[in-house]
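Across the two complexes that follow, chain A remains constant while its partner is chain B and subsequently chain C.
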Partner chain A sequence: MIVEILLDGIAFGLMLSLLGVGVTLIFGLGEILNLAHGEFAVICAILAWVLMGAGAGTVLSIVLSLVIVGLIGVVIERFLLFPVYRAKGETRILMGIFVTLGLSLAVHSYLVNTLPTAQFSVRLPVTNIVVGGVILRPSSLATAAISVSVLMLLAFFLKKTYVGKAIRTVAQNETVAQLCGVNPANFRTLIFAIGAVMAGLAGILYGLIATVTPSVGFDLTIYALIVAIVGGVRNVYGTILSGIILGIVHSVSSFFFGTYISLVIFLVAVILIILLRPEGILGEKG
Partner chain B sequence: MSEILSVKNIDVFYEDLQVLRRVNLEVKDKELVLVLGSNGAGKSTLLKTISGLLHPTTGQVHFLGKRIDRLSPCELVRLGIGYVPTEKGLFPLMSVTENLEMGTYIAKARKNKEERLRFVHRLFPVLKQRRNQLACTLSGGEQQMLAVARALMTSPKLLMLDEPSFGLAPKLVLELFKAIKQINLEGTAILIVEQNVRQTLSIADRTYVLENGNIILEGASSEAAAKNPLVKKAYLGM
Partner chain C sequence: MKKASIIQKLVILGVYSLLPILFGGGDYQLRVLNLLVIFTLFTFSSNMIFGHTRQLFLCQGALVGIGAYLSVILSANLGITPWIVFLIGALVSGGIGSSLSMISSIRKLSIILVAVFTLSFQIIFGELIVGLRNITGGDEGFVIRQDIIPGTININRELTYYYVFVIILFAAILIYSRIINSHIGVAFKCITEDETAAAFVGINVVKYKVFSAFIGSFLFGLIGGIYAYYNLYIAPSMFNLQSTDTLILVMLVLGGMGTLLGPLLGAGVFALIFEFLRPLGQITTLVFGILLIILFVYFREGLVPWLKKLPALYKRL
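On to the complex of A and B.
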């Protein structure tokens, strides 16, 4: 029984990691705390629901909606966040919060009003797999496998490719990055689009274990922010780790104490981690 | 020798504060030029302006015959301007090798990567020993060497150094300046701004003195600069 709960927790946690990593990368490159991050998950899932309703196949709908959410990310970054980047320091952080909060409210109200009945969920055409008496839910297995692959791909991209390294240089020292010939604006756009697609994928995966409705965007944003901050807001690996840890906390506590109390326990765990390590699990001091 | 960099009558502001006033300066091919000035004289501002991080409100900057004062740093590195800012000239969470690799981000430099890497390893052998270490774990002197090496990897025609001796022990300063002279002898023009006068005067071809945003001594040979009463009094303590 405990193995099943752990697996569900890890799967949920990896989905949170997918969400949180985007927040971490976007903040690391542009110092914008994206308060609309969860909305990208919702946009993607609802888009897939619309496409499926229009008769497209499940896989095609999902792939298309991931591509579209990436393009939406590019447009939003270029036109909405462009003025924010002209501000520096604290002003930029505040402006980023206002702009993305506004965006989040706009998307939320638009979707809730125009598509109140939308609900995205995918049931895998596979029955539970039983290994040695342990029931493995295919939805959890698929979520975990897809998340791990995507996160590994991301790590490889950041670590080994010139473009990925250029992204890290912008996060570490923007001035010197420019002096190497890296244009930070292009990489901010790229990373925002990558973040939007990963959030979109998290939205799709959320549809495997729950139902995504137009109103869950806020909750997902909060989860993404918590995971990113607990991980140490500039550290991708910390964010992944914190996602997994918090996912396990969430599923173990929901099993033993029910969903309502589990949220309390989840938040208590967050507070404890931040009290013990204010800089985040893998964040740097100072 | 033809001039590769010419700065003509530039005014530069930080917000509302004027930092440079009608500054003129030129660097000829293969020359090592020194700009002396005390804190707040506008030395760093001058280099930031040439490298494209700041833009002059009036005046012009030309590099290799091309007007550059409206270009961005990422365009200027492609034209051949390398710049090492004071401290923090590197990527702290990347290894020494990765730092050097990012110096070859532009296509032009990537072609010469191996040759450039050998060049900087010859100049600073310690960087080869430390190649897998994170940049933030290096000592102050090694970090400064890495910052210079990073800029050299871009194959610059003009290398600009902002107070390379800042915070270094005298012995390291000597070593670093020897390397800088070596870089210059191998054909790269260098523009260096410093407060550390004795060592730099001895390696520089020409010297400018910058005070409160004005050039008060223009392009004198270093012997002449060393004899100048103003330099003597203010910078050599004589």
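On to the complex of A and C.
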């Protein structure tokens, strides 16, 4: 029994990590705390719903919507956030917060008003698998497998490829990166698009566990922020770890105490981690 | 107080007293004006906390809600007259706000950590209100049966509340300018510029942050209580991030942080834009969101600092 709860928790946690990593990367590179991150997940899921309604197959519509979300990310980064990058320091952080807040309000109200009945959910055509008395739910397994492979791909990309190394340089020190001939603007756009696609994927995976409606964007944004900040807002591995920990806390407490108390316990855990380790789980004292 | 500043305050009082006559005394107009003054007061508190000491509190809805729920529940269950209960609600709200501020400033949390810390508190508050449905009415909300203004007297209810809120606003303006023109205001200025440097010249940063959080949260709680009795209905959805905090912060940044006129102007312009966009119907909020982005990008210091710079720009032409 406990194994099943843990597995569900890990799957949910990995989905949260997918969301949180985007916030972490975008903040690390451009010091913009993306308050519209959850909206990308919703946009992607709703797009997939629209495409599926238009007759496209499930897989095709999911892939198409992921691509479109990435393009939307590029457009938004290029045309909306470039004035923010001109500001420096605390002004940039505040401006980033407010511009993305305005964006999230606009997207949220547009989706809620134009597609109030949209709801995205995918049910896998596979029955529960039983291994040694433990019931493995295919939705949890698929979520965990897809998240792990995407996160590993990301880690490989950041560690080994030239572009990944350049991205880490920009995150460490923008001025030195420029001196080395790295143009931060292009990499910011790239990372924003990657973050948007990963958020979109998280939205699709959320559709495996629950139902995505246009109004869940704010909640997903809050989850993403919490996971990113608990993990130390510049640390990708910390974010992944904090997503898994918080996912387990969520599912264990919702099994033992019910869904209503579980959110409270989840948030109390968040407050405790913030107060005990303000630099994040894996963060270094700055 | 200097003569100019007295005149400025009297003009503000005069403008607010004449607004109902200017816009006609219909019930709809009065309702809009009431909400305008209520949110101006909220923005005023936020200006104290965020504008002057840079503590990004995302639990403003909860602070308002604590005042509202506490005054309603206490007076409904214990039969205490609302006017005393308002004060209790405000004090509890102030206590909670200042302890949140004390914890975060002693732990030296950065601006983003403070935001997530207080946001978690706010969501917990909302969940507790929904969960304790025997006392609070849960999701469906709480209908208030007694009104603090007796219905037997033949006066306009909306108009009476309007003047109650305007009197509180005027008192808040007087107290605010008293604080800002004292040594506390100087300390606030140092803290906004550079916290570390402020600590080096001997300013007790924690003390001033907690003080500003207390004043701001006290006002949040007080207005929350009266707002509940004005609205005659409270529900958890009135006190969450989307319906309170976002609006307050948008008004504050629009008007200009750390100024006296900023909250007044920000809330006023916000209300004007919203009323002008209302005929657009469903896409109102979409246009509104886009407008906000444009305003943030080009008027990021706020309207008041921009207006102050205007004469110099005019001379250059």
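By definition in this document, the second predicted complex is superposed on the first by the 286 of 286 C-alpha atoms of A that agree within 3 Å, B and C clash if a C-alpha of one lies under 4 Å from a C-alpha of the other, contacts with A are read in each partner's own complex, and residues count from 1 in each chain.
Operating definition for what follows: contacts are C-beta pairs under 8 Å (C-beta built on N, C-alpha and C of every residue); 3 or more make two chains touch, one makes a residue touch a chain.
Please read all numbers here as calculations on a predicted model, not as lab measurements.
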- Message: In the superposed model built on chain A, check whether chain B and chain C fit or clash.
- Response: fit
- Which partner, chain B or chain C, touches more chain A residues: C
- Query: Of the partners chain B and chain C, which touch A:Ile10 in the superposed model: first, second, both, neither?
  - Reply: neither
- Query: Of the partners chain B and chain C, which touch A:Ile76 in the superposed model: first, second, both, neither?
  - Reply: neither
- Message: One more residue to check, A:Ile43. First (chain B), second (chain C), both or neither?
- Response: neither
- Task: For the superposed three-chain arrangement, provide the angle chain B-chain A-chain C between C-alpha centres, rounded in steps of 10 degrees.
- Result: 90
- Message: Taking the superposition on A as described, I'd like to know which of chain B and chain C A:Leu51 touches: first, second, both or neither.
- Response: neither
- Message: So in the superposed three-chain picture, is A:Val197 touching just chain B, just chain C, both, or none of them (first/second/both/neither)?
- Response: neither
- Does chain B (first) or chain C (second) touch A:Val216, or do both, or does neither? neither
- Message: Per the contact definition in the header, classify A:Ile281: touching chain B only (first), chain C only (second), both, or neither.
- Response: neither
- Query: Closest pair of CA atoms, one in chain B and one in chain C, after superposing: how far apart in Å?
  - Reply: 16
- Of chain A, residues touching chain C in the complex: 33, 80, 83-84, 87, 90-91, 93-95, 98-99, 101-110, 113-114, 218, 222, 225-226, 229, 233, 260-261, 263-264, 267-268, 270-271, 274-275, 278
- Considering the complex alone, what residue numbers of chain A touch chain B? 162, 165-166, 168-169, 172-173, 175-183
- Per the touch rule above, chain B residues touching chain A in the complex are 51-53, 72-74, 77-78, 82-83, 85, 88-94, 98, 101-103, 105-106, 109, 150-151, 154
- Partner chain A, residues of chain C touching it in the complex: 54, 103, 107-113, 116-117, 119-121, 123-124, 127-128, 130-131, 241-242, 246, 249-250, 253, 282-286, 288-290, 292-293, 296-297, 300
